[in-house]
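Paired with chain B in one complex and with chain C in the other, chain A is shared by the two complexes that follow.
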Partner chain A sequence: MSWKELLSRNYKQVIYLCLFVSLAIPLMRPIGLPVPVDKTTQDVYDRIQALQPGDVAVLGSNIGAAIYAEVYPQYIAILEHLLRKPDVKILLVDHGTEGPIFTQKALKEVNAFTRKTYGEDFVHLGFIAGGEAAVAGLSRDIKALLDVDYEGNNLEDLPMMDDVNGANDFTIVIDFTASADSQFWLNQAYAPYGTEVAFGLTAVKVPDAYAYYTAGQIFGIIESLKGAAQYEVLIGRPGIAVKGMDAQSLAHLLYIGLIFLGNVLFFTQRGRRG
Partner chain B sequence: MSSVWRNVTSAILFLVSLIILVEYVWVDATLQRLTTDFNNWAVVIGAFTLGLGGYSIIVRHWRMIVKRRTLWPYSVVLLVTLFTFIATGLITGSVTSPQYNWIYSAIVMPISSTLYGMNAFFIASASYRAFRARSWEAAVLLVAAIFLMLKNAPIGGVISPILPSIGTIIWDIAGATGMRAILIGIGIGTLALGLRVIIGQEKTPLGGAD
Partner chain C sequence: MADILMVLISTTLILMIYTILYRENPAFRFGEHLLVGATVGHAIVYGVFQVRDLAWRKLQTGILTGDLVGIAYIIPIILGVLIYFQFSSKYRYISRVSIALMLAVGLSLSIRGLMSVNVIGQIKGAVNPITNIEGLVYMIGVICVLLYFVYEKRASDIVGPLPKIGRYLLMLTMGAYFANSIMGRLSIVIGTLNELLVAPAWYLIPVALLIVVADAMIRRKSV
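What follows is the complex of A and B.
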């Protein structure tokens, strides 16, 4: 069997193998391509950098296993940045059923429990069902909605929650998701209370959010793994996202090469047929 | 649904919607308290629907197993997984327990991430087979896609700084403008649907059009 026959019969396997190699090699031996920072990411960094002692940052999460690779590195980078800010309060809330698992994992990964005091510097509210109604409830009156946090501690016993009871007390909100629920914060926190909102999103959700960004309704976007890598560079903590960018670069080149090859074959065959 | 019951639910829907709408523009302590209560009820109903969804899945898949319908072994897998999670949560007393987390991290996460990651392979295959410049419109889409791919990966800037800049122009002008038009359309549609629901013209929230 000639190479031509092999390729025409088993082209899928060949393509899969090429993609696997182009993803695996940079992950094992990073090339170290530069990671230029987009304005959307820089804006999030600058806003967090400008937070003052006493400010409250809310991190909303709908991270699940499916979007873990793209969005979780963003969450880690932002959480790490917030923990470095002195006396900035962090309120963590999940509006996806899998969210709490990743929030707890992230808190452990950045050593939040040893670096800050739970209940004074950060609080994890856990999963709240109800979609947009949950976000509306959090924005209106947290204590009317919830009695306890994720671990079952009474909110009245957590000193941080004395001064935090709704969107009027939130300085910024950053929501991490792959679905339309990021817009809940725009509807329920930004529109009625003017709370500043930003998103951490998967690549497919970015076009939706970009319209809000250019209109000035959100102050920034962390765009997929690329945004996470950029944020890791900005905070000087290169991690899995920076490594992943090399793999992504090679994969994109492969896609472009395949598109080019497919079109060359298409026009060649069409030319032969006349 | 009887017409009397439908009228009652329509009236409740209208009243609740009206209170929430008025409260949005008119600050009043009583209205605020009422709206907060309505909102919190919605959260409770949301939590209840999760349980209802779980019950519905169990009943549906149990029937599939009993009647030996096509692909019924998958229903067995689903139910075993579901009850394993429930049992682990109940026995350990928490969804934060190491056992519960282990099941999730060792089984669910790798499977789910793999399924999502497989898209990369399908896209690679599709980019070779399907992404053809069969017309001028397709050619424009294809060229735009290539520039956007080069914008979204550092390699574009390494090849030439002009490539990501072109991608950014396409993104900023064509992409954002088109998406904004779609979002405004969705907004107007949502407004119209909301008004229909409030005035009782939309039958779906009241249990269908029958």
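What follows is the complex of A and C.
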């Protein structure tokens, strides 16, 4: 069997194994490749850095098991940055049924309950059904939409909610998603109330969001695991995303090599056929 | 102990799902069905909680206090119940009332934002003053891509190669989409491996590999 015939065979399982190895080795022994920061990520960082005491940051989340790996590290990094800002109020809201699980997990991971006071510095509203109608209700009048937060506390009893009741009170909104709810915030908070909006997105959604970023309708984008790694570098808290970028880079090299090999085989076989 | 057990169960389920990379098998099917079942079950429970928090409690308070706004929550509850007439072939038409209302509310809510964000905002963004090379490229890109979608031969003849440039720009965009989806899929694998490559989870990886190899050998012998 010639080397060309050997390479022409279907090596699906071998390719998967190579991919596993190329991802696993840097995860176990990080190489420490540099992580250059994109302007889209830097803009989000700068805007949060410029928040003043009393400002309100809303974090919308549609994080579920399917996008956990890409978006959750972004959520952690942004939450950590917001918790470092003195007297900035954080309102957490979920657009998916799995959202509250990951929001609570994130709050515990960054020790929010010991660093800040629940109800005074941050409030978790939980999942609100209704898609765009829910976002419209949140933007118009939170207390008309909801009586209680995720834990079942009455909103009237939470001091932070005395001054926060709609998009007019929101300083910024950052939505973490892979679906259309980022558009909901643009439609219901940015367009009617002028609230500044940014997105934390999965890689597939990023090209769509660039149209809004270039037109100045959103102030920044955190792009997939790459954006999360960049944000971790900016806040000086390297975590799972930075470690993941080494693996990502090696896997991309493997992909490039395989594409090159595939093309070489294609052209040599075509040459033989004449 | 409970934590270790949780990690081992979740790792086993992840590895069962990953066996699809080797071949279709009952372990993958079990993991897949369990995931779908758990997700749907969780969503149903949340749905019930939402009805309770957003409507039922308000209706209860309304009835107790005589508040008309609270009592009016009976309307969305009835409309919600009507949707279940979808399951009856005889009375399916009743569910259309709720569906029509949902469509109308959805459309009217989104139309005001969509116009200002996706039409006016995008046009304003495209005609911004050109202050740098990015702005120039952006404007040329918009013109060329728009010209590509003008399917009129006389117009295409006048503008020369611009529609072709638009086509290449579209291809570049599709390339960006595809590259981003590869990056996204890899990120998902990396996220999963982050959970798998820590003790005691990773002890199960060689076990899974051994099972796969044994299966491959048995299948080879039987062939």
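General remarks:
We adopt the following convention: the second predicted complex is superposed on the first by the 264 of 274 C-alpha atoms of A that agree within 3 Å, B and C clash if a C-alpha of one lies under 4 Å from a C-alpha of the other, contacts with A are read in each partner's own complex, and residues count from 1 in each chain.
Everything below uses one rule, namely that a residue touches a chain if its C-beta (ideal position, glycine included) is under 8 Å from a C-beta of that chain, and two chains touch if they have at least 3 such contacts.
All of these numbers come straight from a predicted model, not from anything done at the bench.
In the superposed model, A:Y68 makes contact with both chain B and chain C. Judged by the touch definition given at the top, the superposed model places A:L234 against neither chain B nor chain C.
When the two structures are aligned on the shared chain, A:V35 is found in touch with chain B, with no touch to chain C. In the overlay built on the shared chain, the residue A:L82 is in contact with neither chain B nor chain C. In the superposed model, A:L27 lies in contact with chain C only, and not with chain B. Contact with chain C, but none with chain B, is seen for A:G216 once the two complexes are overlaid on the shared chain. In the superposed model, A:I256 lies in contact with chain B only, and not with chain C. When the shared chain is aligned, chain C comes close enough to touch A:Y190, but chain B does not.
Of the two partner chains, both chain B and chain C are touched by A:A129.
In the superposition on chain A, the residues of chain A contacting both chain B and chain C are 12, 16, 19, 23, 65-69, 97-98, 128-129, 131, 133, 136, 145, 192, 203, 207, 211, 214-215, 224, 226, 248, 251-252, 255. Within the complex, the chain A residues that touch chain C are 12-13, 16, 19-20, 23-24, 27-28, 65-70, 72, 97-98, 127-129, 131-133, 136, 145-148, 183, 186-188, 190-192, 202-204, 206-207, 211-212, 214-217, 224-226, 240, 243-244, 247-248, 251-252, 255. If you check the complex, the residues on chain A that touch chain B are 11-12, 15-16, 18-19, 23, 33-36, 64-69, 97-98, 100-101, 104, 128-131, 133-134, 136-137, 140-141, 144-145, 150-151, 192, 203, 207-208, 210-211, 214-215, 223-224, 226, 245-246, 248-256, 258-259, 261-263, 266. Listed in rising order, the residues of chain C touching chain A in the complex are 21-22, 35, 39, 42-43, 46-47, 50, 53-54, 57-58, 105-106, 109-110, 112-114, 116-117, 121-122, 124-126, 128, 138, 173, 176-177, 180-184, 186-194, 197.
Within the complex formed with chain A, the chain B residues making contact are 24, 32, 35-36, 39-40, 42-47, 49-50, 95-96, 101, 104-105, 108-109, 111-113, 115-117, 120-121, 123-125, 127-134, 142, 145-146, 149-150, 152-158, 164, 171-172, 175-176, 179-180, 183.
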